[in-house]
């Protein structure tokens, strides 16, 4: 919190305009926002059901599933990238088949960016949605069942709205993590302006040659993402616990 | 196997240690580029063996992170950078004791996966859009060097990715995900069996120099100087040569 | 479509073992003290709690058996929970429309039906409110509407009227009665209010401690309670004893003169309104006269309910005027008398 | 999830023992676990109250506070390290005062590791606890107030236990993020074996010279952290929403 | 320590504006239909809802005024919520002990006191259960114990007995009565059960639509209801009219003969038990005879409550036997009669 002030005070604002004028910066920013948003959407689609299984179902192997989901949390991102290669790379388990059948390779494409970000960021969504589901009152689900709602309808129309604040928090974390993703992306997707160079990569590279410019760049990233979050806030955060 | 840098003129390698036996005491903190990890760790062990009262700590990281840390007052005695740019950051801040000296050099090589499945033969293959190719981003030293050699060779490269550092490029070669990458000879050496190196003549147009210096804030200038001397000695140069580096040509 | 159930389920220290049957269109009231297991039985019937044993069938469909458990959402249910459980994120209308929506009714249609039911329970104009913006009684009525709007095979009502004020209770009870009269499915109603049971139910089942202790039509149960709890509920004093012709020897000691011949184990039921209190031993026709001590007096409209302790424990209702004139207060020693013809006797 | 299998299959298991035998590895592992745990504790102590303020209080500037908290989420970690220098470095706003008054400098110490990890990981805790608080039923807090509990007692004895699953989820995320922290740590704390070299830094260094060893190292980190999480699971996750 | 409050607060469409005063040791019952604003008033008194206007003082302390709002936890309160709100993460004992713990009582001591209160409300042995493992009535009693165990200045009870079965209700009501008799603070009790109000309260306040419509002792209110709602509650039919000597011209049309002189605007109250029904116009002494149609009949113990529609809307209680003998059913046309001496008249 305080450190940010330091950053703001010391930032070389004079570099702001020249940096922004670079076409690459705009491209990287756009790519970052698009891919982080896509990764969040994919995570929501895949992760919310997983969270539900973890919190509500009684199938065997739930703890194995939870462990698997938690893995990318603690895997160094670069290693995560390597792991992605081993499965989806040209020589990877699935990737080889894709390559030989459709002559399609995932690495070094924008798709790869989204996959890498999803891989790294989805656990954040799953874990926080699971927490929210566990804290939620399951009796409303009973009520829905007596009204004829099957588990899926109950989930969609009752459980999910009830834990909306938790899902929103999870989505924010997921989005932020995806937006900041660096290691797995550069490993699995590479770094090519326009297709795979996201802001964090641009900032990292800028840091090598022009540290002050890099700071300005990251402040731009910061400003854009904060603005996005603030804009969404009212719509997302939902029910406040403040008694009315 | 890794290639040997036959183009490198390794100077005479007599094993005379330049450090005075057992005279140094205290602690010595060396900030060095991550690519020097193995060589410097070995040299440090030697110096500590010769000087039982000396304790050496290394801080290996990217050169730019190291430069930032030094300008922020990090307790460093020696700084070995992987490029001149980051050394300049330190000298400009007035933190270098005297002028930095270039203690080793590195040249580019073409790294291909084991067995060279795509049949890459030379720098001209980098213009082939059908190959999956990695070079370093122009912001980092190996990328800057790559730009120079392509310019010298008059080639318009068609890379699929501009890597943040050599390591990232090499990983992709190791996994067979790219057909070729342009990296430093020392990295090919470090990568072991999975990667083969191909030398090419244009590499001489972009020699990367590693400068080293002792720092003004040093608490132990003698030991610092001793370490620099050891690196520049024949022992040091031999160790660097074994790791795929070459002695400075000038 | 009739419901036949034998519910065996353990709840903490309590073993619930209840058998019940409800014919099509019939309303069964389940009465019983707190913690008797009424809600537990309803949860099993709803499929929300898997029983440890027994069997639940509706018509030809087996809902629960040893090797079978139909989940709640596949049973055709309407249920009012004791704590309502209105969905907090939906408006009242959407809460009521929920069951129709899951049955595939189109949105507009479902909301129209919901609005109709809200009007029937007196919640016209409350459709757009969130449940947190309803008063307790309003929420309960919304929960009732939510259960009634679907046309289920089994209606489970857990104290659906407990939070309603006296007037609303009358109108909602009448509304419910009207609905149940036409309703083709089975209804199980839990209530603590004997008036609800009498007004709404065709049959009454009394559960105590997880077991059925009495079953019958409301009139039967009201006339001939078989346990103390039921007697209290219907406002009678229950005295078990052994018939000896025109006299019953009470288990608690003492004897009661009765109008009909009674033999063997019997219950004697005394209506508090028929018990007269005197400060001195009365002379006269009533042959049942006992000394007693007033232990508690509760005003009750224009009468005062007096709990008496003595050889024969009784409750007496006396008019407030009489109560004041006699100068009664807890601790006063009195004589209680009942005419033999006012005492009901029936076999245990 | 699948990528992990790829990793496990291809991992050079023969390197496992030699790698583990290195004393530095044990040290780095210990340091990682200790500092991530400390960072989580610090985050809990600071972050839970912040989450409460964000979810419940009505003070002005809540959105500013939330924005500030969210910042480290989207700041590239390396830039985060620079920002930390600007405040806590020897030349930093606070750091200079510390240095001049107590002759104490934070950077390049284990403290710096904990600070860097806290800086980066705390937002994960705050955001998910805030989500849990918003989803929780505030009426129980009313009940506590009528029983004479002031806001702090209510928070401690009622609110917190009610949202325990959410706090646990947040703590797991925080811990995992701290454990995997790389950029801010290597920048602000340096990479000194024994004091500041955590596992991710060790993995990074190993990658330079011995990529296969690096993968083994990260699998070790993975195993240890998964084991920790599984051990804590039963105690932490609390109330399950599964109807009983 | 007495409570004086003027509560002005807007709740959606309803403007609540209620003035009330409760002396030390006094129990005030607040009655009123669903949605009248009873719980709202209690929330304001508890400090959980800031009023839009008015003033709340207890003894010399100002709890709410224009420039002052004492938060709930600084008021000395005991409160039973309509939906209990037991803390789900604490055992029953710890729930009850909570208020003592916040007042600094040591753990062991607080738990002992809690256990004592649990026993008093009949929950002996339930102390280790979680609230989710209690039945509805058990939870309500735990909530009551939680409010009573502390010794507050103001006790706010929102329908504290509504979920209790008839027997438990008697004993808990007696227990509550005993406690309130000794309690030095002020008590405000919301209930829908007139028996609770009569048994527990010193004074009754009737709220309708956010306004006070009647106030008085239970006996006064029971004898002379001033609104239809109160009349229903105490079981009377209320007929507003204008006195013309021994006759009252009813506002709804028709006239009632009365025993005392009445002048000006008056209420006429008729007890259903005094209304007799005939199939043919009766001859005889009662001067009040009206034709009517039976619209609804509800069995009610041994009597049947008959709602009549006609010139004079009335309710009649007839015995089940008489009901059956007359062959009554909804739609039957009958004659209703009441003796002039049975009719109560009092000024509006």
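Chains: A, B, C, D and E, in written order; residue numbering restarts at 1 for each.
We take it that a residue touches a chain if its C-beta (ideal position, glycine included) is under 8 Å from a C-beta of that chain, and two chains touch if they have at least 3 such contacts.
What you see is a predicted model, and the numbers here were worked out from it, not measured in a lab.
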Item to complete: Using the touch definition up top, find the fewest steps from chain C to chain D.
Response: 2
Worksheet item: Two chains share more C-beta contact pairs than any other pair here; which two are they?
Response: A-D
Worksheet item: Which chain's mean C-alpha position is the greatest distance from chain C's?
Response: B
Response to the item:
For the pair chain B and chain C, the C-alpha centroid-to-centroid distance in angstrom is 88
Worksheet item: When the centre of a chain is set as the mean of its C-alpha atoms, what distance in Å lies between chain D and chain E?
Response: 56
Worksheet entry | Residues of chain A whose C-beta touches two or more other chains | 78, 82, 86, 139, 142, 162, 164, 204, 207, 211, 239, 243
Discussion item. At least two partner chains per residue is the criterion; list those residues in chain E.
Written reply: 48, 83
Worksheet item: Listing for chain B: what residues touch at least two other chains?
Response: 62, 68, 171
Worksheet item: What are all the touching pairs of chains?
Response: A-B, A-C, A-D, B-D, C-E, D-E
Discussion item. Going by the contact rule set out above, which residues of chain A touch chain C in the complex?
Written reply: 139-140, 142-151, 153-154, 157-158, 161-162, 164, 239
Worksheet entry | In the complex, chain B residues that touch chain A | 62, 64, 68, 85, 89, 132, 134, 137, 139-140, 159-164, 168, 171-172, 175-177
Response to the item:
chain D contacts chain B in the complex at 78, 81-82, 85, 89-91, 105, 107-108, 186-187, 190-193, 201, 204-205, 207-211
Worksheet item: Which of the residues in chain E end up touching chain C in this complex?
Response: 12, 32-36, 38-39, 82-83, 129, 133-138, 141, 158-159, 162-170, 173-174, 192, 194-195, 198-199, 218-219, 222-223, 228-229, 232-235, 271, 296, 298-302, 320
Worksheet item: In the complex formed with chain D, which residues of chain B make contact?
Response: 34-35, 37-38, 57-62, 65, 68-69, 72-75, 167, 170-171, 174, 190-192
